[in-house]
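You will see subunit A twice below: alongside subunit B first, and alongside subunit C after that.
This part shows the complex of A and B:
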């Protein structure tokens, strides 16, 4: 984003790489790759019962992978000299991510089309599209997806509150540091602790302070997690409580980057505060706002901890997010295959939705200037 | 010539009620929200010193409404009377706490090392891994943010079982590193691209290698950004619950899992829950108060261009 072509370092170095060094580099890369293949193959045969060498775990393959990864990095330097040293910056991170994401994802695709109960002795059974059919007929999964839409829509309200708070913090006030720290604190707290602190104790119907307050205000016999709408709202509110600081800080940073002259010029021209906000602040804040909202959506789609700990999806699945639903699906039936399929469908939906959103955001941001 | 030439006009010097009203409104908003933010924390901290009747009556202010008692700390074996005695609860608690500390620190450090290197490389050199150029590689790293943890959770459960990494700290550390690395890369790439390349050019002319220049010259300059990235990672990994709940059972449990496992039981002892929650939130509250500047800097990194 920030770095343009002109920012790159251009280094020309004369590397004298001998033929022997190149040969050695190639040898260690290919030898370690061969080692990895052989170990993997032997282990696979061992699990299939073709040979029996008594491996208890797949650790040897993991170690072979680590050896191959280090040899690949070292080999880059041997083969390409200075250029290899440069690729050494990115290579470890790339190998790590590939090993931790791409490989498990491929593995997940395999699991997703099988019936695999981890506690049953039969092990994994390929069952084709059965999981898909089961998902299609599973009202709770669709309900969880629908809930996610509601939870995501709540971001609009969070954004409005965060913007208001950022404006207030950006005004000429005293004790700004105190307010900033106080506002930041909810973000630092563990969602599990929050769900106990607020969800289980402050909203406790008999003696929780919030229940007291609500009763003082004249509502009686309310239950915070009784009706589906109320429960969903409480979850939204708690999640908002933890994440509003995040949006607020991003917006505040944006506000502080707006040059003062613009406001002064508008004031001289006689614009009222209201018009100054809509004609200057808001349009200028649009890129920051969109970034903040997009990141917030990404975090919102992972929402689970609070739901798992407070309502466990209840009443009747009204508060389930996809993540908490799959979590319970696994906890209750320990069916890895079905849960994985649901997760992968979710991932596909997210990727599609985020791509559309980012394209739209791009279009919205452009013509303003 | 005693008359002042430049002075405020009468309109400016007059009492302006609307201005004061605006001030008052701003402070009111700020105070209300500060109260909303702080009250749950206050409630948790005080509840750990309340006996059952005090909880039931909803007493709020210590020494005025109720007499603080060391119940919460005693339930963790940390009160003055029990601190020198043997205590299985305390051993259990300290083990979980220590797990959390190790996992959070190690994974943040690992993510910081791998992430900074990648971010530096991407901000300085032109790469080409087959069809992928710099922008594609950056996108590849950052797109990991979108990946919801639930997609990886079950495959990892199976893989870790095969690798005997289930219920180990190393398994958690690796997974947490993965989840925070995109954030580190995002913050650090921003940080590095704001440092002029002339610095390295000078260093290279003086005979340093590129890695020498990176370690001795660039990293010290980028230190504030690194602190910011480290703290943000620390916050996320310390609070992580989902993976920890799935992948650990007895040995490598972290503090959030311990807190969550207590909530289900019917007769909740409020003071011990409150003490546990306090232990889970206090370290980060301290971090927030002491290093607030860096956290804000880190989060603002992506916002302003």
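This part shows the complex of A and C:
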């Protein structure tokens, strides 16, 4: 007879688990696992044409997975009693993550190293590192990556503006609540709506009000998306307009959490406003700022909708982002294998870059006393 | 008929006599106890079905409703009744995949097929797709082997992806007879709709690019000269000459031809092709994008390079294009520029002409004229590898048009197969198609019998309008040197990647037109290799009927 008693602290009940129960628990886990393997294997052989059982979908395997997952959870309780019940708080979520994230990721890796054009009669074929070689020599991908560097650097300016706005909204100004809501409005708009309302309508070269204003100011032959630099700047500006409120609201929350006493003490000590900002506000805001910037970078790296709608990556690729390029490669050209590889490489680059950034941020945020 | 066009016809082109006549007929039929019994009688082959269906609901009597579609569907059941016994398809269930654009397409098909279902006993289940989802859904169904539909509404460019892979069912001979295939306009005759000599398509639509121009730019004393340009050489010369002049209508800077310089999900390629077909579509050779024997791209031959160079010449001429042209896609050139009074010449599908008169934002309604794709003083002979000093014309049948296809899912079940083809034939019927041409349906005229202007006039349309609008389409459709695009797998992949390279070329990132064209050709070679060169060659030849 097995017992969990005295093994761990904080055990509420002493489970006296019989050998038969343990046997049963192990049996259902292994039996359901075997069922999953068999069903999966049979379905695989069916798709390969080795056997012909007429499966139309992969649902039998899905059902077998669900049975195995249920048995695994139940088995934990049978085998480990209360400890097993505790694991039920995490196990279903872990299985869900495996099913919805890890499995697709592995599947995606398989596709990424394949030659798979949806129009090809031969279907998907493993092609080793060919996609990587193609990517290495693809000027469109490198151009898009270079553009992403520019887009990401623009976050520095966005941060400065967001900080300024947050300071203003944190001050005792009139209609403060109104401005807080008003400044948040762009964030509530879909980037697609921003593309059409601003990029395609307000900035329309002939009838757009902004174009009118610029002409009134004496500029002729304006073109907001005509030159590479201008087009890139306009995309940055529209994206910034949408997302600055996000950084602003995070920084504002941070500012409101700073104890007033600190400022008062500094004021008593005779520190100027500028000094108080640099010596108190800014250092105390560093953790919030870093978090806001990191989240903003993640948003920025996904930049695509505005570009797809307004410039389609042009002129001559000047505004192309990695995501908008992958969109064209994947959707317009049905190049699933190569498109997936580009996305996976981009994901790896993002993970590496974010890890480095977080390490650096961790170092910067340590107190300097 | 496209919705805008119908609105225009009703608002501006309808004759009072015709309207009264149409209303009187409808009233008389209603007094006789409703249209349905009359429809039955007509469907049986008695009376003039064509004239009667055009009175449902009557031109100028508001937009047709589901009741009208059902009524027309019932009135056109005659050919079905001749071939199918009542209740013959009882117990048969079919799945129909099509579009729901502008609440048309499948919405109409449902109405048209309801009386067919009631008569034959078959049941149809519907898969409605938005245009943007269509390509992905179709490609994924094909790639993953999950074709879950029996009847399919599809554009001819996808025939390579479907018929080329044996996913479609061959059309039985009786269907060709029922839909009177000989009536289709020239370019829709085989090889379009066929693969390896087998027929697969019931045509329900036509598509081509036509030339639209501003009449106020041309004529005695006008800034564009006496006559409308008829060749691309003239178009370019005029576009350069107009730089710096003032538009007679808007008072803003005048411009000539409007080339879209930005991509449009692959569709933008049709517009450089408009220029190129005049140079490279040789009357002796149906191929003009690839060499049929090798799939070697022709896009970098001197004819194509000339077309690209023409655009680059205009980019290099200050004021030839509006300021932001590098960021103008075909939607912009048509709807934000041409219709709004910017530019004087444009190539587009037929609906730009109707929108010119019906759109609230259009200012050119009274001064727009139509013609066919400009030609060229000389043409490039790809076979000989040399220019010929012979004038050439080649209207481009951009996108070819929609058709109804039956998938191979029904091939093993003769009853189901006959039911599916009967439904397709009903939708592509000669009489029903006239109604679809004359009322909002999303489809363009595509039969020679659609250009019988007397029928339109009798239905209440203004003859001058009908002749003006339909004339340029008819001339393009039946042109002996019409350029029909290849119906090979992945054709839009070629277009899409060409757009990317053209954008770089137009932005000055390549040294010349030749270099731009070479980059496109290299990208096309990669796509061909990826999809499979041998299969592409076989399918290309099959699509050309070679």
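Criterion: the second predicted complex is superposed on the first by the 353 of 369 C-alpha atoms of A that agree within 3 Å, B and C clash if a C-alpha of one lies under 4 Å from a C-alpha of the other, contacts with A are read in each partner's own complex, and residues count from 1 in each chain.
To be clear about the criterion, a contact is a pair of C-beta atoms (placed from the backbone, for glycine too) under 8 Å apart; a residue touches a chain by one contact, two chains touch by 3 or more.
Only a predicted model underlies this, so the values are computations on that prediction, with no experimental measurement involved.
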In the overlaid three-chain picture, which partner chain does A:70 touch, first (subunit B) or second (subunit C), both, or neither? neither
Subunit A residues touched by each partner, larger count belonging to subunit B or subunit C: B
First (subunit B), second (subunit C), both or neither touched by A:323: first
With both complexes overlaid on chain A, does A:209 touch subunit B (first), subunit C (second), both or neither? first
Should A:152 be classified as contacting the first partner (subunit B), the second (subunit C), both, or neither? neither
Residue overlap on subunit A between the subunit B contact set and the subunit C contact set? 116, 118, 206-207, 336
Partner subunit B, residues of subunit A touching it in the complex: 1-3, 7-9, 11, 56-59, 62, 82, 85-90, 92-94, 96-97, 100-101, 104-105, 107-108, 111, 116, 118, 164-165, 168-169, 171, 173, 177-198, 200-202, 206-209, 212, 241, 245-246, 249-254, 257, 287-288, 291-292, 295, 298, 301-302, 304-305, 308-309, 322-323, 326-327, 330, 336, 339-340, 343-344, 346-347, 350-351, 354
Subunit C residues within the subunit A interface of the complex: 136, 139-140, 142-143, 160-161, 164-165, 252, 261-266, 322-324, 326-327, 329, 336-337, 340, 342, 489-490, 492-493, 496-497, 499-500, 503-504, 506-509, 527, 530-532, 535
Sort out for me which residues of subunit A touch subunit C in the complex. 115-123, 140, 204-207, 221-226, 228, 231, 310-318, 328, 331-336
Residues of subunit B touching subunit A in the complex: 26-27, 29-30, 33-34, 36-41, 43-44, 47, 55-58, 60, 114-115, 117-118, 120-127, 129, 134, 137, 140-141, 144-159, 161-164, 174-175, 177-178, 181, 185, 189-190, 193-194, 197, 200-201, 204, 209-211, 214, 235, 238-239, 241-242, 245-246, 255-257, 259-260, 263, 268, 270, 273-274, 277, 280-281, 284-285, 287-289, 292, 295-296, 299-300, 302-305
